[in-house]
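The following blocks contain the structures, represented as C-alpha cells.
Here come two complexes built around chain A, the first alongside chain B, the second alongside chain C.
Right, the complex of A and B next:
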C-alpha cells in the first residue's frame, strides 16, 4: 500500500471513534429533530408529513414568544448576579489555604444537588403557610404564586445554586495569574477596588467569557428547578422556554412542534454565544 | 507485551465485561422456559397486594412469571406514552385515561380476549368508563367510590357541631338556603381552616359541578362554562376568599396541603376519596369519622373514578397476557386489592371485603357508596384530555387565587381545553 494512502487510512481509523460519537450523538439527533419538525405525530398514531406547518404554528404562537421573553428576562436576572457574586466569593477565597478549600466545597454544594431536589426544598422555604421564609420574616408572602415575585424567586434559587460553581472557575483563574504581576501592581498602588478593576478583571477575561457563555447557555436551558418550583405558573409568569418545549412534546404530545421550538432555541443560543465570543475575541488577551 | 497492547486488551476486556453485565441485567427469564409478563403500576402501596395475587396465579400457571414494574405517578403518563411509541411498554399497564391508546389500536379488546360475559361481574361505573365505541378496552381493577367528608370529631365537638348536621348540610348560592357555610363558620372558631375548597379535580371540582347541575363534558367537548358552573365555582372561590378554606397560594401547587392540614388537626373537614382512607386511618392522631358531602341545588353528586389494567396490543406474549388479564379480572385475583382495605375491588362481589376490613377497624365506609345514589358526574375523557387538563390548569389556578372572575375564567379554561382537544 502506498505510504500516503496508508497514512490517510490510519488518520481516518484514528478519527473513527470520534466520528462515530459525533455522528450518533450529535448529527443524528439534529437530523431527527429537523425531520420531526416537518411531521405531525401524537406519539401513538401514524406520522404524517406536514411540511412547514409546525414552523408556521410555532413562529406564530404568542405563548412561545412569551416563553422566550421570560427566558431572556430570567437569564438577564441570573447571569450578571451569579457572575458578580461568584467573582466576589472567589476574590475572598482565592488567597486562603486549607480553610479556603473547605469553603469552596461548601459554596459549590448547591450546584452538586439535584435541581429537582433543590426545587422541592425551596418550594417549602417559599411556602406562604408553614414556609421557612414566612416564619423568618414574620409575615406571609406568596412568593411563588405572585406574578411579580415568582420569576425573581426562581432566579434567586438559580443564583444560589450556581454561585459556588462560578466561584470555582474564578478561583482557578485568579490562581493562574502569576504572583509577580499582582505584586508589581501592588507596588504601583493597585490595591482594593483598583486591583480588581485594573488587574483582576482584565486578566480574568478568558474566565469571564467562559463563565458568561456557559451561564447564558445554562440559564436558557433551565427546566428542572422551574418544574419543581412553579411548573411555569402563576399564569405562565415563569413559563421558560424549556418548560414550554417539554409541555409541547409530552403534555400536548406534539413532538413536531417541540422540535421546531428546539431548533429556534438553539438558533437563539448560538447567536448569543457567537456575539459573546466576538466581543471577547476583540479584546486584549494576556500571556504571562 | 507492549504497554499499548496492554491498554488495548484492557479496553477490549472492559467492553466485553460491560456488554456481559448489560445482557445479564437485561435478561427476561425466557431462558428459564417461563414466559415473563410485565405489569406496570404507579402506586407502591399496591405492590404487596398484587404480588400476593400474582403469586397465586403463578402457582396455578407455572409457565408464566409476572413481574411488577413501578413507575411513579408524576412521570407515569408521559413515560407510558413514550414507551408505547417506542414499542417497549410493559405487557399490561394501569390506566385511567386510555382513549388515545384505544383510538390508535394500542390496546387489547377485552371483549374479544376474555369474552363478553367477563364484564358482568365488574362495577358498571368502571365498565362504562373504559368502554369506548362499544368496546371495552381495559379490565377494571378498583373503583374510588364517591367523595366523602373526613371530619375531625374533636374539632367538631369543640365547635358544638354534631356530625349528623353534616349529613343534612346543603350548599347554595342563596344564603337563606345555604346551611353548609354556617357550619363552616362555626368550625372556624376551632380550626384555622374549616374545609378544603381547592383546585382538586376529583374530590372538589367535579362534585360541586355535578351537584350544581353542570357537567364537565358533553360529546367530548368541555361544557362547564355556564350559569351552573359559575354557581359551583363561585361558591368555592368565596369559601377561600372568606378564609373558610386555605389560600389557593398554598393549595394550587401542593396537592397534599389539605390532607396534611387535616392530619395535623388544623382542618376540620377534609373532602376526599377512598384513596386517602388508609393514610388518614394510619396517621390521624385524633378521633375522626366519615360523613356525606353536602348536597347542592341538584342533590348530592360525586365522581366515581376507576383504574383498570389494559393489555398492550403489541405484547410479544399475547396469550400469556390474556391469561393474566383474565386472572386480574376474576373474583379470586381481584379480591386481594380489597383484603387489606387498600381500595375498593372492581369485582362487585368482592367489594364487601373492603367494607368488612374497615368495619373491623371501626370505620363505616358507607358514605363513599351512598353518595352515588343521587347520580354521578363523569370525570371526562377523550383523545387529548390530559393535554386539555394541563391547558386549563393555570387559568383555574388564577381563578382560585381570586385574580380572575369566575365566569370569565371558566370560559377561558373551557376554550383552552377545547383548543387542546382540537390539536
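Right, the complex of A and C next:
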C-alpha cells in the first residue's frame, strides 16, 4: 500500500511542472476565451456581461465572413500546389545519394526562416521600385497593392516556403516503403508515371494525409507572412482570419468579438481535422 | 539493354536539372536579400536590384545593430535558450511518467494533453494577453518565456513514443542496483534518447527563434522586443531603405541557417520523424 502511494506520488511529481504549463497556459486560456466572448470590453475599462451579443455581431459581420472566404481561397490556392510540387520534387529526389543530400538541405532552407523575415524579404521582391521582380521583368508591377494580385502573391510566398518541407516528408515516406515492394513493381513493368500513379501514390497515403492535414491547418492559421507582406490590405483583400482576429482585438480593441472569432477558428479546425481523419481512415485499410 | 541504360542516364540527367533549377528558385530570394544587405545605399539607389554588390559593405549591419537590433538578437537568443531548456527538461519528466509509470488518470490526462495540441495559437493569444496584463507582466522577459517554459504536449508525445521502446530490463536492472527514478532518467533514459532529444532541440529552437504572434502582443516595447518583432518594426521605420531592411532580415535568418548547416542531419531527421509518427 505504502509503495503504491509512493509510486503514484512519484508519477504526479514528474507530471507536475507540465500540468502547471498545460493548466495555466492552455486550459485556462480556453476557459477565458469562452468567458470573454460573453463580455463587452475595450481592454481598459470594466467588463460588462452582454450574453450572446458578441456572437450575434460576429456571425452577422460581413467583414468576418469575407475574411473566412479569403482564408479558404488562400488555403485552396496554397495546399494543392505545394503538395503537388512537393511530391514531384520528392519523386525526383528519392534514391539519390550524395547530391541528393545537398539538394535536400537546400530545399529545407525556407523551413528554417522566420516567416516574418521571409515576408519582409518578399515585400522587397514584390516592391514596384527597387524590387527584384520589377528589375527582373523590366517593368513596374504594383503587386501587393493590387486587389487582384495581392492574394496570389501571398499564396506564392507560402508555396515557396513550404514546397521543400513537404518534399522532405514525401522523401521520408518513400524511404519507409520496403524495397521489395518497389522492386516487385519494377518486375511487373511499372515504370515512370505508372509506377508513380499506381505504386507510389497509394503507398504514400499516410504521408499524403499528414501533408494535406498539416498543410490545411497551417494555411488556415496564416498570420506572420500576411502581417509582414500586406497587413491584410489592400482594402482587406488579404485579410485572413488570424489577421482579422488580431486587428479586432488589438487595433479595434474589441477582445470580446475577437474571442468569438477564436472559437470559430477552433471549431473550423476541429471539423477539418475530423473530416480528414474520417476520409483517410476509410481509405487506408491495408498495410505494407 | 544499352538504349535502356542510356535512357536511364538521360532521365536521371533531366531529373537533376529540374531539381537544381528548383533549388536555385528556393535559395534565390534569400541570396539576393543577403546581397542587398551588403550594398551601399548609393549602389542600391542607382543600379538594378539584381546587380551584385560592389563594394561590399557591412555598414548596414552596423546601423541596424546600433538601432536596437543588437539588443533584440540578445533577447531572442536568451528566450530561445531558456524555453528550449525548460521544454526539454519538463517534457522528459512528463513523458517518462506517461511512458513508464502507471497511475490513476493516466489515460485521461494523456488525451487532454493530446487534445491541447489541436488548439490554434490564435485562440490562446487574447486570454494570455489578458492574464499577463492583469499580472502587470507585459513587456517583461517573463511574458516572452513563461507560457512556453513548462514543456509542450507535442514534445511529450514524441518522447513518450520513444521512451516506450526502451527495453524494460534495462530500467529494472538499474532499479535493482538501487537507482531511483531520477537516476534512471539521467543515466539510462536520457543517454539512450539522444537522437530524439537532438531532434526536439532543433524543432524547439527553430519555432522559438521564429515565433512572432505572441511576442508581438506580449513584448513589443523596445526593451524586450524579439528579433521578429523588431524586423516587422524596422520595415516601418526604414520605409523602402531596402539595404537596411535586408540587413535586418539577414540577421534574423542567418543564425538558423548556420545552425541548420551544422545540424542538418538532425533537421532532416526531425522532418522525417514528425511526418511519420
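Keep in mind that, in the parts below, the second predicted complex is superposed on the first by the 259 of 288 C-alpha atoms of A that agree within 3 Å, B and C clash if a C-alpha of one lies under 4 Å from a C-alpha of the other, contacts with A are read in each partner's own complex, and residues count from 1 in each chain.
The working rule: a residue touches a chain if its C-beta (ideal position, glycine included) is under 8 Å from a C-beta of that chain, and two chains touch if they have at least 3 such contacts.
Since we're looking at a predicted model, the values are computed, not measured.
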item	value
Clash-or-fit label for the pair chain B, chain C on chain A	clash
Partner chain(s) touched by A:69 [first = chain B, second = chain C, both, neither]	neither
First, second, both or neither for A:250, with chain B first and chain C second	both
A:127 touches, of chain B and chain C: first, second, both or neither?	both
Partner chain in contact with A:275 - chain B first, chain C second, else both or neither	neither
Superposition-derived comparison: chain B or chain C, residues of chain A touched	C
Which of chain B and chain C A:164 touches, first, second, both or neither	second
Partner chain in contact with A:235 - chain B first, chain C second, else both or neither	first
Partner chain in contact with A:42 - chain B first, chain C second, else both or neither	first
Chain B versus chain C as contact partner of A:145, first or second or both or neither	first
Partner chain in contact with A:104 - chain B first, chain C second, else both or neither	second
Where chain C runs into chain B (options 113-121, 131-139 or 257-265)	131-139
Chain B and chain C footprints on chain A, overlapping residues	43, 123, 127, 129, 250
Chain A to chain B touching residues, read off their complex	42-45, 123, 127-129, 142, 144-145, 230-236, 247, 250-254
Chain C residues touching chain A - in the complex, by the definition given at the top	15-16, 18-20, 22-23, 25-27, 29-30, 32-33, 36, 44, 48-50, 90-91, 93-94, 96-98, 101-104, 106, 109, 112-113, 116, 118-131, 133, 146-153, 156, 181, 206, 209-210, 212-213, 216-217, 227-228, 231-232, 235, 240, 242, 245-246, 248-249, 252-253, 256-257, 259-261, 264, 267-268, 271-272, 275-276
Of all residues in chain B, those that touch chain A in their complex	78, 81-82, 84-85, 100-101, 103-104, 106, 246-250, 252-254, 257, 384, 386-387, 390-391, 394-395, 397-398, 401, 403, 420, 423
Chain C-facing residues of chain A, complex	7-8, 10-12, 14-15, 17-22, 24-30, 32-33, 36, 43, 89, 92-93, 96, 99, 103-118, 120-125, 127, 129-132, 134-136, 160, 163-165, 168-169, 171-173, 175-176, 206-207, 210-211, 217, 221, 223-224, 227-228, 241-242, 245-246, 249-250, 255, 258-259, 262-263, 265-266, 269-270, 273
